[in-house]
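The structure appears right after this line, and notes come after that.
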Amino acid sequence: MAGTELRTDFWLSEYLTPWDVYAHGITRMLAHCQTAYQEMYVVETGSYGKALLLDGKWQSCTADEFLYHEALVHPAMIFHQSPRRVLVLGGAEGATLREVLRWNSVEQVVMVDIDGEVVAACQKHLPEMHNGAFDDPRVNLVIDDAVHFLEQTTDRWDVIISDLTDPIESGPAFQLFTQEHYQQIQQVLAPGGIFALQAGPISIPELYLHARVIKTLRSIFPVALSCLCPAMSYGVPIAFALASQDLISPYSDPEAIDRHLAQHTTGGFQLMDGTSLLGLLHVPRYIRQAIEAETEIYTLQSPPKPFGKGILEKPL
Amino acid sequence: MAGTELRTDFWLSEYLTPWDVYAHGITRMLAHCQTAYQEMYVVETGSYGKALLLDGKWQSCTADEFLYHEALVHPAMIFHQSPRRVLVLGGAEGATLREVLRWNSVEQVVMVDIDGEVVAACQKHLPEMHNGAFDDPRVNLVIDDAVHFLEQTTDRWDVIISDLTDPIESGPAFQLFTQEHYQQIQQVLAPGGIFALQAGPISIPELYLHARVIKTLRSIFPVALSCLCPAMSYGVPIAFALASQDLISPYSDPEAIDRHLAQHTTGGFQLMDGTSLLGLLHVPRYIRQAIEAETEIYTLQSPPKPFGKGILEKPL
Amino acid sequence: MAGTELRTDFWLSEYLTPWDVYAHGITRMLAHCQTAYQEMYVVETGSYGKALLLDGKWQSCTADEFLYHEALVHPAMIFHQSPRRVLVLGGAEGATLREVLRWNSVEQVVMVDIDGEVVAACQKHLPEMHNGAFDDPRVNLVIDDAVHFLEQTTDRWDVIISDLTDPIESGPAFQLFTQEHYQQIQQVLAPGGIFALQAGPISIPELYLHARVIKTLRSIFPVALSCLCPAMSYGVPIAFALASQDLISPYSDPEAIDRHLAQHTTGGFQLMDGTSLLGLLHVPRYIRQAIEAETEIYTLQSPPKPFGKGILEKPL
Amino acid sequence: MAGTELRTDFWLSEYLTPWDVYAHGITRMLAHCQTAYQEMYVVETGSYGKALLLDGKWQSCTADEFLYHEALVHPAMIFHQSPRRVLVLGGAEGATLREVLRWNSVEQVVMVDIDGEVVAACQKHLPEMHNGAFDDPRVNLVIDDAVHFLEQTTDRWDVIISDLTDPIESGPAFQLFTQEHYQQIQQVLAPGGIFALQAGPISIPELYLHARVIKTLRSIFPVALSCLCPAMSYGVPIAFALASQDLISPYSDPEAIDRHLAQHTTGGFQLMDGTSLLGLLHVPRYIRQAIEAETEIYTLQSPPKPFGKGILEKPL
């Protein structure tokens, strides 16, 4: 590549598939800790600001996290109309909390994260992300395993947001993408409740995962639809999913959405408005067709295998 | 990355920015030629089928080229309603031709590409892409420089499609992204004509380019809007632009679009339908805001600098 | 790395170990063929001239192959004093032949290579390496498996050179590094005969392989010693081995060696002279100590596992 | 590369030339500091133990530093016979000191390093390297620029060791490879004194540098010869140089050297003995020929350009 000047020596190489590598140039290591669960780095990158890495995987970065977190949180909050009690699973950076707290109707947010050391490190090293959200009196931080928390909670939630940025990891997170887990979620949703979750890459080599997550959701919920995530620092496009007992219409008048946001939130959006929402919910046909064609669902007996680590479950 | 198994030794490393590298694993070299203008490879990749590389840059691949070419061609064809005469600038693979020819109203397509050797090699080695389009009697292939062709043509065109996949290269292509060139395009558009073009990455570090292209178009055309490209094999999201003398409304009823496509085309779409179109035209707010905030335009005196080669015109 | 300008897009990435990668920038693909046994490329590199790649592994290159082939061939030829009949196992490029043919005493060279297509391709595309050696009337090229050839030959050889550039591959080559194979070699060596072979990397993480090869040789031959290979394009230092029934003294007067070469060869050496020989045979102490400490040998029941492919047999 | 399992995500990519990259997998960051002069990391690698990086360049590592430091220090100490006063330029890790202190005759070692913060960090984080050397009462650590120190010192030295591991950096180190600097060194050498220095890679693409350093030394010193460095973690072979007013004979009887080491040192060598020394000093012919053919020398007016950073001074 004639003329390219390199400006760093450290690279974080992520294998999207065994034949697709995205490497981020790291300009500085800002923090590092080894917790009981994982290895954490906060690094400075050349293009994308500060980034959080867990076990060598890119989680989020200050330059485009708003695209991720606004698209994860607000569609569910908008469609619910008046969410009061919100449950966040994962979400160490505090950016999901930050977005939830923009809604005036919210009275309580419980955030359940398994790794208190990572949450503490994010509070210290990523103030750009949480922006003080952990100090809001409506927030209750619980250090616990999500599955365990759901088993014993007697509360009901208007919106549940699963912010496990790398959806399927080794260990217990596997089960968070199964029919059994979605049934558990369904049981703690209040009437009219909505479940929003990270739902995998939508690149063609890895699209089957998203298709299976949607089909698994549809085995439990009457309604499950895709919502695009416009963040780009992962190197592949990814999508979220929204699931509910009730109809969610992706056809919303942008101006009506804009008015709704103006009335019910404290504002400050960088991504969300009526036009963005319309675009995010009208996903390209190749994704819809892959979902239609998909026949497998994930269960505890047949869970997803790891992905996002250079391993393709389904040969091309 | 524990557990990752590599399956190739050859890698095509593309510097998206000086700190962002996307590497494609190459499993086989299928063809190679050095033309008077550039070096061309057709390779087999592990994840994305067969790919065309020019001067070491990824142009398109069989796995996701439909996402690129359908999103480039059809919005302009739809909005025109009844395009009869279409001009394609570049488009060596023949896939843009292939999409244009789906429209029943089309009577003539002139494709102008500077490099006849690359066109011939694509005809031979990428039948999956052109699908016989060069044999259609409506097609007229002209080997010429786009600027020179436009200077001397006396024809007028209903739709002009600029399929220069890497928008800004060294050499004469620089000028194809300037106000002067867009004026030239405007002069050869028939009344009601629409101009569609590749318009750069929309990742945050490189977004200024798209914003400047749109602003440059708006200095000539009353209407210029962004249209997302859902192809993902470039490692960054990119966008197209549509420009016209006349209003283009992005709010179209998906069902009406579906009926229009059914009536006026031979079908066979993998991406395009009313829902996809609605999604592609409602671009996220951060892009619209960047366009609003942009103040520079590109002229022959102040042209764009190369991008897509690891060089950022604007420091972060 | 401030200031580094990249000049290529294609890279051949070789995993020396799972944590050590050497990547060669490829500037042009010159030839490619898929044979019954392997995939072959001849490429042009930026730093090391033309290179031969087999199954994605770097074999040799025009810039430094003389360092490899002169150090492989000449120590055995020198110590034998008057080699008349030479057997080369492998050696597709013809460069080993070329070096053997410099010796006036040589009456016959049989080269046994399993892959006739690769030999033919090297004859065509790498004339810099064979330099016409295949046309020498003393040469007899046999396309056969080395093990099979040795089983059925009734000839005896003064020097046997095993030029299997990647010593341990999947498939039958595994057995070429076992006690049983070395016994087979010993039986076809003429009295006073010498066996020279590629004997693995001598980098610290991979040194055990060389140590085991030497120890395996010593289980059959009274004498087996290391000889350094000064080629550097592999990214790690490698070593050869010399084995014999008779004493080989590494302490030779450089001037006597120079006179011997002048009298008995056609000359034209780029590496070999008395001073080089003295240096190559006096290997650093850490290698000698690793050999002393090594207790394992390779047998057909306990053969070496693949190395040189990013897999370490022995954890660090 | 079928079968390769990656075990890390962080890579230190070093451009040896613009077409040769050596990447080390980093398994853990152990320490990081930004000093007034440079950025320092101590990292854990997968293959080579703990490593010191300065400004993104690999300096030394615990797995093979003994090969570097023993080959840098001991030839000069051996040839001098009875060194009492030793000057070390650079050498932050303390490993050069450690080797110097093995000699019973040594009464004083002055180590001059420009960056006290890096020295302090090495003392803390790399005890495997210095092994307590800084606490030896014979050691005097001076934090100063080498050129400035040499300008003002009135002492004379038996052995001077230039341990600037990356020989030519931006800034003042450029001048440390010029005729003028070698003259300065010559003036502070005691009668019979010897100067040992790192003298560049000896890979074919970069060999001219070593040739010019030797020729520059020979413009000042009657004797200047090459000495191989067997360390391999740099990805390319490198060489040292020895310079003196007096004859240095590379032909030494190994057993006599072994006896000399036994009598005059505290022992503990992992590399050095008579056989190693003989091998290191008998450098391959291609290096000797490159030195013979070289006509340029480095002066303050015509200093070396940076190398070891992917930039070749001399086109191939």
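Letters A, B, C and D name the chains as they come in the text, with residue numbers starting at 1 for each one.
Here, a contact is a pair of C-beta atoms (placed from the backbone, for glycine too) under 8 Å apart; a residue touches a chain by one contact, two chains touch by 3 or more.
What you see is a predicted model, and the numbers here were worked out from it, not measured in a lab.
Residues touching across the chain A-chain D interface largely coincide between the two copies, over half of the numbers being common to both. Taking each chain's centre as the mean of its CA atoms, D is the chain most distant from chain B. Chain B and chain D have Cα centroids lying 54 Å from one another.
Rounded to whole angstrom, the centroid-to-centroid distance between chain C and chain D, based on C-alpha atoms, equals 31 Å.
Of all residues in chain B, those touching 2 or more other chains are 1-9, 11, 13-15, 23, 56, 310, listed in ascending order.
Residues of chain D touching chain A in their complex: 6, 8-15, 23, 26, 28-29, 32, 39, 41, 53, 56-57, 310. Remark: chain C residues 1-8, 11, 13-15, 17-25, 27, 45-48, 56, 63-64, 66-67, 202-205, 228, 230, 232-233, 235-237, 254, 269-273, 275-276, 278-286, 288-289, 306, 309-311, 316 touch chain D in the complex.
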